[in-house]
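Each of the next two complexes has subunit A plus one more chain, namely subunit B in the first and subunit C in the second.
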Partner chain A sequence: MSIDMNQFLQTFFEESFEGLDDMENGLLNMTAGEPDVEQLNDIFRAAHSIKGGAGTFGLNSVTDLTHKLETLLDRLREGESEVTTDGINLLLASVDCLRSLLQAERDGTEADPQQAADITTRLAAMVDADDDDGSSDGNAGDDAGSSATADDGSGPGGGWRIGFTPEPHLFMTGNDPLRLLEELSELGEIQVSCDSSSLPALPDLDPEECVLSWTIDLYGDVERQAIEEVFEWVEDDCSLTIEPLEPAGGDTTTAAPETAPEPEAASAGEPAGDDAHQKPAQQSSGGNASTSSSIRVDTGKIDNLIDMVGELVITQSMLNELGENFTMDKLEKLQDGLAQLERNTRELQENVMRIRMVPISFAYSRLPRMVHDLMRQLGKKVDLQLNGEETELDKTVMEKIIDPLVHLVRNAMDHGIEPPEKRAELGKPETGTLEMNAYHKGGYIVIEINDDGGGISRDRLLNKAREAGLMENGSELSDEQVFDFIFHPGLSTHDEATDVSGRGVGMDVVKRNIKALGGNITVNSTPGKGTRFAIHLPLTLSILDGQLFRVGDQVYVVPLISIMESLQMQGGKIKRMAGTSELYEWRDDYIPIIRLRELFNEAGGGDLENELMVVVEEDDRYVGLHVDELLGQQQVVIKSLKSNYRPVTGFAGATILGNGTVALILDIAGLLELAQARDEVLTKGANN
Partner chain B sequence: MANILAVDDSASMRQMVSHTLKQNGHSVVDAPDGKAALDKAKQQKFDAVITDVNMPNMDGITLIKELRKLPNYRFTPLLLLTTESAPEKKQEGKAAGATGWLVKPFDPEKLMGAVRKVVR
Partner chain C sequence: MSESASDKTNSVATTQQDAALQGTVGDGDQYLTFTLGDEEYGVDILRVQEIRAWDTATPIPNTPPYVKGVINMRGTIVPVVDLRERFGMETLEYTQFTVVVLVKVIHGNRERIMGLIVDALSEVYGINEDQLRPPPEFGTVIRTDFIRGLATMEDKMVIVLDVDSLLGEDAGVGGDGD
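Let's turn to the complex of A and B:
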């Protein structure tokens, strides 16, 4: 029976990535010249586990690299090699390399073989530099060493006579002679004689001691090594002799092949040989890990859920009882019960949502390493402070926020914080501070990135914006509006964007990514003092605050966060452009109007005057949605159209309302696309 | 069929060992480190213990030493599952009281071969 080990590959990848993170953290906390044995042990153990698993799954490149890594780590923790800055950096590079190798294996892509080869060579060089006696090859040479003794015994074909005299303490090792004899019998036919001459009289017998010895004749073409392997665990607990069976008479040679057919003997010896190493490699070489994602949940959260379900059951049985013999005088009791049910349900809902939440330390974890590398690269000194590590965030949001965070930190390091000399000149401490905060505020998570660097020059940013034609000359803008320009694609793609205090490269992408998560990013800066970015993110992606409205006889939902204003249209402000497009004068600007009735193929066009319009914003584009009636605001649970039906442009999903009907949730970006397809001039720039 | 305690700090390794043993009809309890294993071994008697060497809290060698001190485990097969094939490590294990050892990479057939050596 063969067992498919690939089902455990996913677990292996997860624990390996965790192990790599631990290694990285440990390495970052290490100081050259001050080896911390505890820490080195932890790092070693992580590498060791990865190596063990990689071997099983046949990930040879990972095995090779971890093997070298282990050798170096072992020497470091034994104090045979010194912990140097170069050493730490090489170890960190190895961690990176392992990570990409494992990622490639997981995703079924090709890793860069050159990188792994490079690192392996450098690791070997570092080990060799410290030591020329070649002891690092100890492990590799071991297998060969043990088989060397077997070279003389490829089996004479006639079998072996084995003398096995265990020491009295054999049982205490957990070994049992009977099992050993059984194993021998798997190699070929055996004939066993037991020597019980040392058996004392019953009263003197100590049942815990082994006082018997055996002589075993094993027939067949068995390799000596196979026999030695049977006794491998007890070779120090017994005296063992293995001699070729002497032919008893003139021509007994014919007896041997008869008693032990060759194929059997051969197959019995095989699994113990080197072939065993090859098998797992073949098993998993073609198999990719399934990409199903999993989440680690604190058991406390699950216990909470169980408690709550318990309460729910109690409430339910209470209501049941009440319902069975209900009279009007119990109405108050019923209302209490229903209120309790509502409380239970809400708590349960909140706690179920919490299962998807992971602490932000998950996103933080890669920052120390990055800051460490950038410090070296840029020649700057930065103290990274991570606060609010326990703050929890939806797992999906977390995964998507990492890239923007990395970008912002990189920017702050690169362009915000000044080089040490300049800081000294300015009377600032040489070491800059980069502070990250994460906390809950309302229904949002706030992540702040503060640096005490040079800040953004408002005037230069303003000039840039003017040059790029983003604003009229002479118009007055608030600080907030000015700083918001750094997220403008027009500025960020500009060649000299780095002149704007360096910020701007790809900032539009950062903002877009955060917007896509239903969040927002703002920036504030004081020249000479530093810059603060604040990211607001919704607690979860699966629930949103929505505004309900009616078009025709259907109810729709629009995310509250995208709504700028709801208003009753004034006739004088509606402008008709060439073709069918209509614009509305709104806040000194003209915005396109989308008649949802038309878009959704509902009957009735008519005059827009006095009709309702919801102004929504997406990516700095504004559009007015003409709706029939505004209904209430409420939290809605988003159900994906894509996974339940198919993706539909203009809709972000659907939800089920309190009365059981389904309402579609609008996707503003998609709506803009739809409207544009219908009428190509419906853009903000149409009025120019 | 035997009741076996499998100890490893790596979840995937635990899963693989447990799965293989169960497939072969044994019942398995697992533990993530030596300390947890020792607690479990005190609560119930296992017919055999298979343990990793390198683990946090308590390593496999110490676990074996501690188990051998318990009256219930004086003769119990205790196997080391190790990546180190170096003879010194094996000797260290034997000196601590290990019955035998198995060298990683983990291979179900090798595991069962080793288990067959010590339990039915």
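Let's turn to the complex of A and C:
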């Protein structure tokens, strides 16, 4: 085929992974012995789409495995086999295997062939085992299909007779029989006869239906596969027979006894979800190179946006008219109009932001499977409740929050919830509850993870913290401060490390990841009752609450979340070290003062007394930034510096202020780096 | 403030249009030329995104001095480079004729928009590839790989710049700009 298939590959992978997620969810919701036909259909459709796509892209390992999977699913669907727990687990394992196969294909790495072979054997074994119980029709047809394909791998030399009877809706799928015929003619000499017997009288003719069928004799030494490739896009929308042509030109008009059933159709039955996977792939040709990420947007959101732009246009033309012959008595109208414009713009902004928002169910989707597996592994019983699935957050935030969530759920399963026996002893229900909540609060999304397990022992945590030298003896700490220790690297209250967790690695990573997203995590626990983690995340990474301030002539923005306090420096609290570095006494601590004027190469220095300082925190380090003037606080839209320039140390990006000028947004971590580098230069100078 | 800026932009745009309306001189690929002192420089007109009058830029601390800062180009942040300083020429006070030419720079597989601060706009010339003379190998302070070639237009020498190599490394992630 002349189409460059690679451009669709990305879409195929995305859709396949989504399909696998759907299959997984469906399987997890299935109970042994009570098959839900609807659900089985969904799973089947997902598998079929993947198979179709994989076939198109020539990913044979995926096609083979999905094919076996389909066979089993089909039998379950038809009620020919029982849905057993083993069966479900095997299907889940197949989903995993498919996922790793697809991942390997996507990343260009080698998948473990043994795993796939293993699963294939087990699937076949399960189908065969059921066969012994009785019906065997679907399977037999399938075997015939595959053996026929195998036998006819190479052409017999004489050529092929191809019977091509498209479904009436062929044109709807964007396929043109003529093109297929032309493509066949490229393979060799062809003779085509058209069967127009089903052609209705002209008044009854629906020009959008394909009522013709063709018999094509293709002469020459052609591989059967080459012919199948021609029909690849339409194979589900037609009935196709490919038979070897008798070299002598014998009696081929009678139905050949060994009509090879078209392998796809033999097992697939009615491929309801099939068009769905091919058409989007064909249409997405506008999509970019494989690296670009894409997002699926609810059409409702886009319609909303269009409405809003419409309103904006109306407001604009109203203002235009008003401005053309403006007199002072229309002032009030003008103000109304401007207010409306502001409202429109704000709504538009909110809605555009909403396009990037996806429901948190994306992040949730991985959890049921994990809990299911962990229950078996740990021998615990857990009821996972997912609430607030519709809560939306930015796609980028979502992608980055999945790992921390998975980690927290693992922890809760491993350390939090007790084994059933112990729970029974304690008078708790044997099945523990793990509850996830997600909701919006202010400009933040809050994700809570509650378990009704053993909780965290405050005393034990305190002891551990003391052992690790994280705190001094005797100092009184609030519960919040104590529980915060679990985010400290290297601190685990679990005495034995397990496969699942307990090495004290991870919680600090969790916290760091969440901080990197501009969020925060808190923990609260009651021994014996359970633990509650609450994650606060900004709704989007593209807007932040900022504090504006001035240094020299320039306005800068610092993220509000990093600010601990803004204060006017008192002379007595400014200390010096080695004559140059300046420290400030702040909350029983000495924090370094960074003169931003100096760091930004602006002129001026002088006495710091009564000057303004913004105390910021980064990774548990506190520094005071000396600024010239504090301006307002406002939400700013983060714009990248590196998209047209390059990353600049000390700045997270830039934003455009109300007056159209650009203000840089500080990146505290980078700023500390800058200050450190500058100090090193200074020290070198001093020590030489 | 924004109004006066757009006025100025308009007037600049008109200058350019005028040049275009008068008919381009010569045929072949079109180059927009501008001046730095007495010298005339050209860039491929297809790379020119926008031309605007100089307005303040927000300086970025700790960047090379010829990077005058960033400006807001219809919602995107674009760095502007003073071409005189980039070439090590004597600097000039910015005036009402000082112009920022926003050009598309392709470096590696990335496309960026960057602004060039120049003294004034000049002409649009059509220059054929065969009219381009190679730059002298020495005797120039401008690195020769920044120059695509020299062309003679109406008795003037036009230095045709290669914006990709000129600005590419300024935008490079690790590059220190020189």
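Simple rule for what comes next: the second predicted complex is superposed on the first by the 493 of 688 C-alpha atoms of A that agree within 3 Å, B and C clash if a C-alpha of one lies under 4 Å from a C-alpha of the other, contacts with A are read in each partner's own complex, and residues count from 1 in each chain.
In this text, a contact is a pair of C-beta atoms (placed from the backbone, for glycine too) under 8 Å apart; a residue touches a chain by one contact, two chains touch by 3 or more.
Being a predicted model, the structure only gives us computed values, none of them experimental.
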item	value
Touched partner set for A:Leu599, first subunit B, second subunit C, both or neither	second
Touched partner set for A:Ile302, first subunit B, second subunit C, both or neither	neither
Contacts of A:Leu641 with subunit B and subunit C, given as first, second, both or neither	second
Subunit B versus subunit C, judged by how many residues of subunit A each one touches	B
First (subunit B), second (subunit C), both or neither touched by A:Leu199	neither
First (subunit B), second (subunit C), both or neither touched by A:Arg179	first
Partner chain in contact with A:Gly650 - subunit B first, subunit C second, else both or neither	second
Touching partner for A:Gly660 - first (subunit B), second (subunit C), both, neither	second
In the complex, subunit A residues that touch subunit C	554, 599-601, 639-651, 653-654, 656, 659-664, 674
List of subunit A residues in touch with subunit B within their complex	1-3, 5, 7-9, 11-12, 14-15, 42, 44-45, 48-49, 51-56, 63, 138-139, 142-143, 146, 171-176, 179-180, 183, 208, 232-233, 236, 271-272, 276-277, 279-280
List of subunit B residues in touch with subunit A within their complex	9-13, 15-16, 19-20, 23, 48, 52, 54-56, 68, 74-78, 83-87, 94, 97-101, 104-110, 113, 116-118
In the complex, subunit C residues that touch subunit A	1-2, 5, 56-63, 67, 69-72, 75-79, 112-114, 170-173, 175
